[in-house]
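Each structure below appears as structure tokens.
Two complexes, one shared chain (subunit A), two partners (subunit B, subunit C).
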Partner chain A sequence: MSPIQLALLATFLPLGTAFSLIVLPGVRRAGKLPGYISVVTALVALVSALQLFAYGLEVHDIARVTTQWLPHSVLGASSAAPSTIEIGVLLDGLSVSMLVVVCLVAFCVQVFSLGYMADEPPADFGRYFTWQSLFLFAMNTLVIAPNLLQLFLGWELVGLVSYLLIGYYWKKPSAARAALKAFWITKLADMGLVAGLIVLFVNTGSFNWTGTVAVAGPVTLLLFIAVMGKSAQFPLHVWLPDAMEGPTPVSALLHAATMVAAGVFLVARAHPLFEQAPNTQNFMAYVGGFTALFASIVAVVQNDIKKVLAYSTCSQLGYMVCALGAGSQVAGFFHLTTHAFFKAMLFLAAGGLIHAVHSNDIHHMGGLFRKMKLTSGAFIIGALALAGVPGFSGFFSKDLILEEVWERGLYLPFAALLIAAFLTAFYMGRVVFIALFGKPSEHAEHAHESGFAMTFPLVVLAIPALCAGYFGAELSGMYGEATHFHLSPVGMTASALGLCGIGLSYFMFGAPQGGAALRTVFAPLGRLAASGIVDKSFLFGYRTVLRGFAGGIGWFDRYIIDGLMNAIGYVTLEVGARLRPLQTGKVQDYVYVMVVATIALGTFAAFLR
Partner chain B sequence: MGLSAYLLVSAALFCLGVFGLLTRRNAVGILASVELMANAGNINLVAFARFNGNATGQIFALFSTALTVAEVVVGLALVILLYRSRGDVLVESASELKG
Partner chain C sequence: MTPTLEDLRPLSLDLALLLGAFAVLTVDLFLPHGRKRALGWLTLALLLGVFTASFFVDVSGPAFAGTYLGGPWALMWKRIALCAGALTTLASLDHVDRHFPTRQGEFYLLLLFCLTGMTILPGVRDIIPLIISFELMGIPLSVLAAYAKTEDKDGVHKHAPEAGLKLYLVSAVSTAITLFGLSLVYGMSGATKLDAIAHAQLSPLLSVGMLMTLAGLAFKIGAVPFHMWIPDTYQGAPTPVVAFLSVAPKASGFAALSAILLIAFRANQAPLASVLVLSIVASLLVGNLMALPQNDVKRMLGYSGIAQVGYMLIGLYTGTSYGVGMLLFYLTGYLVSNLGVFFVLEVVAPRRFGVDVSELDGLVRRAPWLGLALLMFLLSLAGIPFAVGFWAKFFIFMAAYRAGQTWLVLFGATMAIVSLFYYLRVARAAFMQPPATNETLQIRPALAAAIIVCLLGVVGMGLYPAPFLERAAAAAQAFLEGQG
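Now for the complex of A and B:
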């Protein structure tokens, strides 16, 4: 099959599956069947994506097939250039690599879900896999988009599926609230995307990201607002930790590996636009750097294993955004790729642990390594990759980011990233030492290794998590200029800091007589992070500023606008009531008035003459 | 006798009609008062015709008389209906439509 056909297959087969499951309730409720259908669909998509990958497209080999979608007249004439709005497929190194990442992680997650969700009632099980298939379609639509409008389409679709899957346990009020929160916050940010698209279209007459744009600054800034929402950058990151209310495999797929990376993908995709706006890039670098630091601080004090991973996702997305802000599409996207693999694996392994002890709390796990060697091993590999230990995939991509940020001269974000690297290693060490090696708790007594469906995906994902870094040159060649890895002082510093972080976490949480003194040193920081200050400031902003404003407007409407109307009505009624007695209904009274008036007017006219 | 004598008679007749119209409570009386006013107008028309020396005013008076007759026919029919439905012909008692 031709590349285009493969891409269409990988995109529309999941849509077909999702659609069939939606319209055929009999199949959807048929026990495990929808799960198998969905997994096979994902497998076909994965094979297509891998075959596309085998074509070895480089960034300049572009396969682009589009068809006219909206005629120009529908959108109204723009002053700039004649345009048509197209829909279609764009395949280059960037989109093909992303397709592979998405399909591989989606396949692993769906296989894992077969085991993880096995105890769900058939109807819910079917619903879950329907949304999983729909997600694959939505994400692939976004990835192969040849222009920003189609990308926006996929963008909103993944947002919808994210909402549906976070709210999977919709009977739980907290899950329903978290779904709404994620939806509203990302929608709020998406206003920026809409506005950016409008500004772009009005000025250039197209939704393409190529070409010189006079208004690149405002457009990219507006796009970046949407990126901040989707990729959970400070201060719009607050939805991501709450999104952990969804099932763990969902967190792995949507809220760690692929959907939240859509923002990073957007920036990498629209790189030509962002290159024309250095101010936006600097802003991105600072936002990314701050997010990386801030989220890693918060992650240090979380006890919920999924919350730790969620904040760590925030922090790693901060790395990517910072790299893109430094103008390095390659570094940002490379980290997206490696992060997708090891973070998905971390989440799935965490899912296995949670499944075994029926609790998210790391203190309830304790000593699971002896009981669940494979799952724990995968978790440790993921943690080492995340911590940037030399040899693991995260090391190469993180090192590349740090180098690029350093070379661009962004020293403040660089420092933030460096501290974040230390903290990342520290909090991952903490989780590993407490949950896997710590004192066994009674929750973990009956824990045992998960079944094949829940270990096989871990093994599959462990391969790229271990090795993806070594193919940095080849991978980066696919979506930008090839970058050859070399050991630099910057990278060595970061790795050394990472190792220090792991060592420190061992002394605090792993060693038999853990450093109580160290814990007291970190206590105030922990309290600050645990207080949820950002959420509170959002609430404060909502309660006082927004509601105060709304209250003021409401008061004005109620008492000034409505008051004016009521006053007019009141006066009319009163005047009417006073004048009413004049209307007696007796013809003779009217005639009397007429006669008197005629005489009066006649007299008046006579005097006037 | 000059024109003004006729006009004075006509004006007096008209004022009687207005007075009757305003004061009568009986619908028949009101109709009669209206007739007085109409005939006051007719006297004016005929008097002007006589003193102007042409027939225009007389023709108008004929039309006016025919009109008045039609008006009386309709008016008396209403009065009869009023009497049948209410048993009297007092105008102030027929006030059902008053809000």
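Now for the complex of A and C:
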């Protein structure tokens, strides 16, 4: 098949599946069947994507086919050259790599869901896989879009499916609330995208991201507002932690690996536009750096394993946005790729752990390593990759980002990223040591390794999570300038900080009697250590300083930022309710208002003149 | 100039409609009780026939010495009216047959008179027939709004006469204001032809006249501050009538407003612009905010309709052929989406006047297709892609930005977010609440057909809006170039 046909297959086969499941309730309710159909669909999409990827390694710009959708005549006179609105398929290194990421993660997540969702009633099970297939279609539409308009359409559809999937447990009021919140915050941000599209189109006559644009500044800023919403950048990140109300595999697919990365993908796609707007880029770098630091601080004090991962996702998206702000499309997108693999794996592994103990709390998981070797192993690999330990995929991409940000001279964001790297290693260490190696909890008594459906995807994802980093040069060559990895002082500093973070978390949460291991390290201070002062000072440092600080930031996030978002909604509702008594129901009043209004309007018009 | 038979050619579709209405009346006289249902089908056939004929009969050109002007503009409006009428008839068939078995003939007759007014109005280029055709649309509507007066099995329903009377009284006042305004305009310009009025010298009295005309028409479309009749009337009238009521006066009102603002007052728009902006802002604000706390879906739709009018007014306010074209497109999209929602309500709560949100609980579990259709209609009204409402808002914003009204784009976009709250509240009830009863819903075939047509319109125009956009843009261009 030709590349275009492959891309269309990967996009429209899931749509066909979703549509058939919608219109054939018999199939949808037929127990496990919809799950199998959906998984096979995802597998076909994955194979097509891999085949395209193989093409992409040879030829970077594979194909661009577009067809006229809306002719010029309906778009009104434009100041620029006549144009049409097109839809089509654009296959280049960027979109092909993204296709592989999306299809691979989607496939793994769907296989995992076969096990994870097995206890759901058949009707809900079918509904779940219907939305999963629909999501794959929406996301692929976005990825292969040759212009910003089609990208936007996919973007909106993805948001809609996200709404449906977060609210999957519709009996839980918190889930319904979270779904609504996620939807309206991202929609609020999306208005930036709509406005950006309009400004771009009216001034250039097209929705393309190429070419010189006089209004690049405002357009990119407007686009970035939407990116902040979708990719959960401060202060529009508040929906992401709440979105964890959805099923865990959904969190892995949408809210860690693919949908939230769409914002980053958009910026990478529209790179030529953003390059013309250095101010927007700087703004992005600062927002990204701040989000990376902020979210990693909040992650330190979370006890809900999914919340830790959610804030971690926020933080890592901050890295990507910061890299894009530094003008490095390659670094940002490379990190998107590696992050998608290891974060999806982390979420799925976390899902396995949650499934085993029926709780999200890390303290309820204690000592699961011995009972669930495979799942725990995957989680550890993911954690190491996320912490940026040398040799794992996350290390290479994070290192590249730090270098680019440093070279661009963005020292403040750089410092933020560096601290975030330390904190990332620390909070992941904390989760690993408490949940996997900590004191066995009574909840974990009957825990046992998950079935094949829930371990197989972990193995599949572990491969790229381990080795994607070694193909940095090939991958980066596909979507930009080939970057060869080299050890730099910057990278070594970050790795050292990461290792320190892991070490610190080991002493705090992992070492047998608190700081026993510390005593051997600091042998000269043995006596001092024996008196427990070192332990205590470390514990004091953690408990009061770091925890207090993180708690404060967390409070700020929960009550001020989140509260502000809720307050906007509340005030709007309240104003609406207050306006209500104006409607009296008496016809005399209506006539009276009409006459008074006519006179008032007349006075107003006369006065203005 | 003496009128000739040739003068009737541009009006042939409207005459066919009128003759058809009399035919329905005649047939009604001879039909025995119990077989009156056939009248509905007859009306539907008539409307579809005229709609089909509109593609084959040449109705362009002036008539009666320029009092009437046929062309793409008038034709587009005629088709919109005929579609609204046909869909309403289809959806009313069972309702009328069941609840007003002895008064079926009058129902369709009133509907047809109303439609005749709607089809004539857009081509009219003289203020006197303009007002007459407007009232031809408006008066039967008040009667229809009160149609559920007594014969319901539960006895008298106080909401029904109230709804009709309110509409009638407030409408009479607004017509009086318009007429008063137009008489001032006539006094100052000495002309009744729209083109001739445009040449009048601007004077304070003319401004007052223009303003009063505008105020009266703003009532018909339900723009703030002339909106108060809407929620009460929507709540009290039979649902299929409300569906029609939510689009018909808007369509006529916008046709009249376009003709008066962009032809008669085109040279003297300055005093009106600020009033128009004020009305846009107020409509978007009041409509959206008041819709939020409503528990009654019909009232909510009434308020949200006020907000939708705010968006349509933006198109008119730009005054460009692009903006007016997009107004036409917006109206088309609004028509299918809004009719669709009301038809779904008719299925869910056929006998009730108010429909509480909770009555839609778990709709998707009771009737999956219906739930999905409702979701599409709501998404369209909220302006989410792949539904026609998205393109409508998108192009209205584009027109506003082109006309240099960037702030209106931002304001309108923000208000669109507010609208998500109340539209999604209904969707949430349908999708995320457990159903109150497990009764399966009985959907009559005619009503189902009406819903399917609306759904096809929403999705079809959402996926491929080009032909409709093209026609709307061409119609608006012809209108502003004086070709009708």
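Note that the second predicted complex is superposed on the first by the 509 of 609 C-alpha atoms of A that agree within 3 Å, B and C clash if a C-alpha of one lies under 4 Å from a C-alpha of the other, contacts with A are read in each partner's own complex, and residues count from 1 in each chain.
In this section, a residue touches a chain if its C-beta (ideal position, glycine included) is under 8 Å from a C-beta of that chain, and two chains touch if they have at least 3 such contacts.
What you see is a predicted model; the values in this text were computed from it and never measured.
Undergrad: Return first, second, both or neither, reflecting whether A:F183 touches subunit B, subunit C, both chains, or no partner chain.
TA: So A:F183 only meets subunit C here.
Undergrad: Once the structures are superposed on A, label A:C467 by its partner contacts, choosing first (subunit B), second (subunit C), both or neither.
TA: A:C467: touches no partner chain.
Undergrad: Under the stated touch criterion, which partner chain does A:V571 make contact with: subunit B (first), subunit C (second), both, or neither?
TA: It touches nothing on subunit B or subunit C.
Undergrad: For A:L412 in the superposed arrangement: first (subunit B), second (subunit C), both or neither?
TA: It touches nothing on subunit B or subunit C.
Undergrad: Identify the partner contact of A:A214: answer first if only subunit B is touched, second if only subunit C is, both if each is, neither if none is.
TA: neither
Undergrad: Between subunit B and subunit C, whom does A:A496 touch in the aligned arrangement: first, second, both, or neither?
TA: neither
Undergrad: Thinking of the overlay built on chain A, is A:V591 touched by subunit B (first), by subunit C (second), by both, or by neither?
TA: both
Undergrad: I want to verify the contact counts: of subunit B and subunit C, which reaches more residues of subunit A?
TA: C
Undergrad: Output check: A:I198 vs subunit B and subunit C. Expected answer is one of first, second, both, neither. What do you get?
TA: In the superposed model, A:I198 contacts subunit C only, not subunit B.
Undergrad: Starting from the residues of subunit A touching subunit B, keep only those that also touch subunit C in the other complex, and list them.
TA: 585, 587, 591, 595
Undergrad: Given the complex with subunit A, which residues does subunit C contribute to the contact?
TA: Spelled out, the residues of subunit C in touch with subunit A are 165-166, 169-170, 173-174, 177, 204, 207-208, 211-212, 215, 219, 225-226, 228-229, 231-232, 270-272, 274-275, 278, 286, 288-293, 320, 322, 325, 368, 372, 379, 384-386, 390, 394, 397-399, 401-402, 409-410, 413-414, 416-418, 420-421, 424, 428, 431-434, 464-466, 469-470, 473-474.
Undergrad: Subunit C touches which residues of subunit A in the complex?
TA: Residues 22, 25, 69-71, 73-77, 152-153, 156-157, 160, 164, 167, 170-171, 176, 179-180, 183-184, 187-188, 191, 194-195, 198-199, 201-202, 569, 572-573, 575-577, 579-580, 583, 585, 587, 589-591, 593-595, 597-598, 601-602, 604-606, 608-609.
Undergrad: Report the residues of subunit A in contact with subunit B in the complex, numbered from low to high.
TA: Residues in contact with subunit B: 585-588, 591-592, 595.
Undergrad: If we count contacts the way the header does, which residues on subunit B are in touch with subunit A in the complex?
TA: By the definition above, subunit B touches subunit A via 18, 21-22, 30, 91-92, 95, 97-99.
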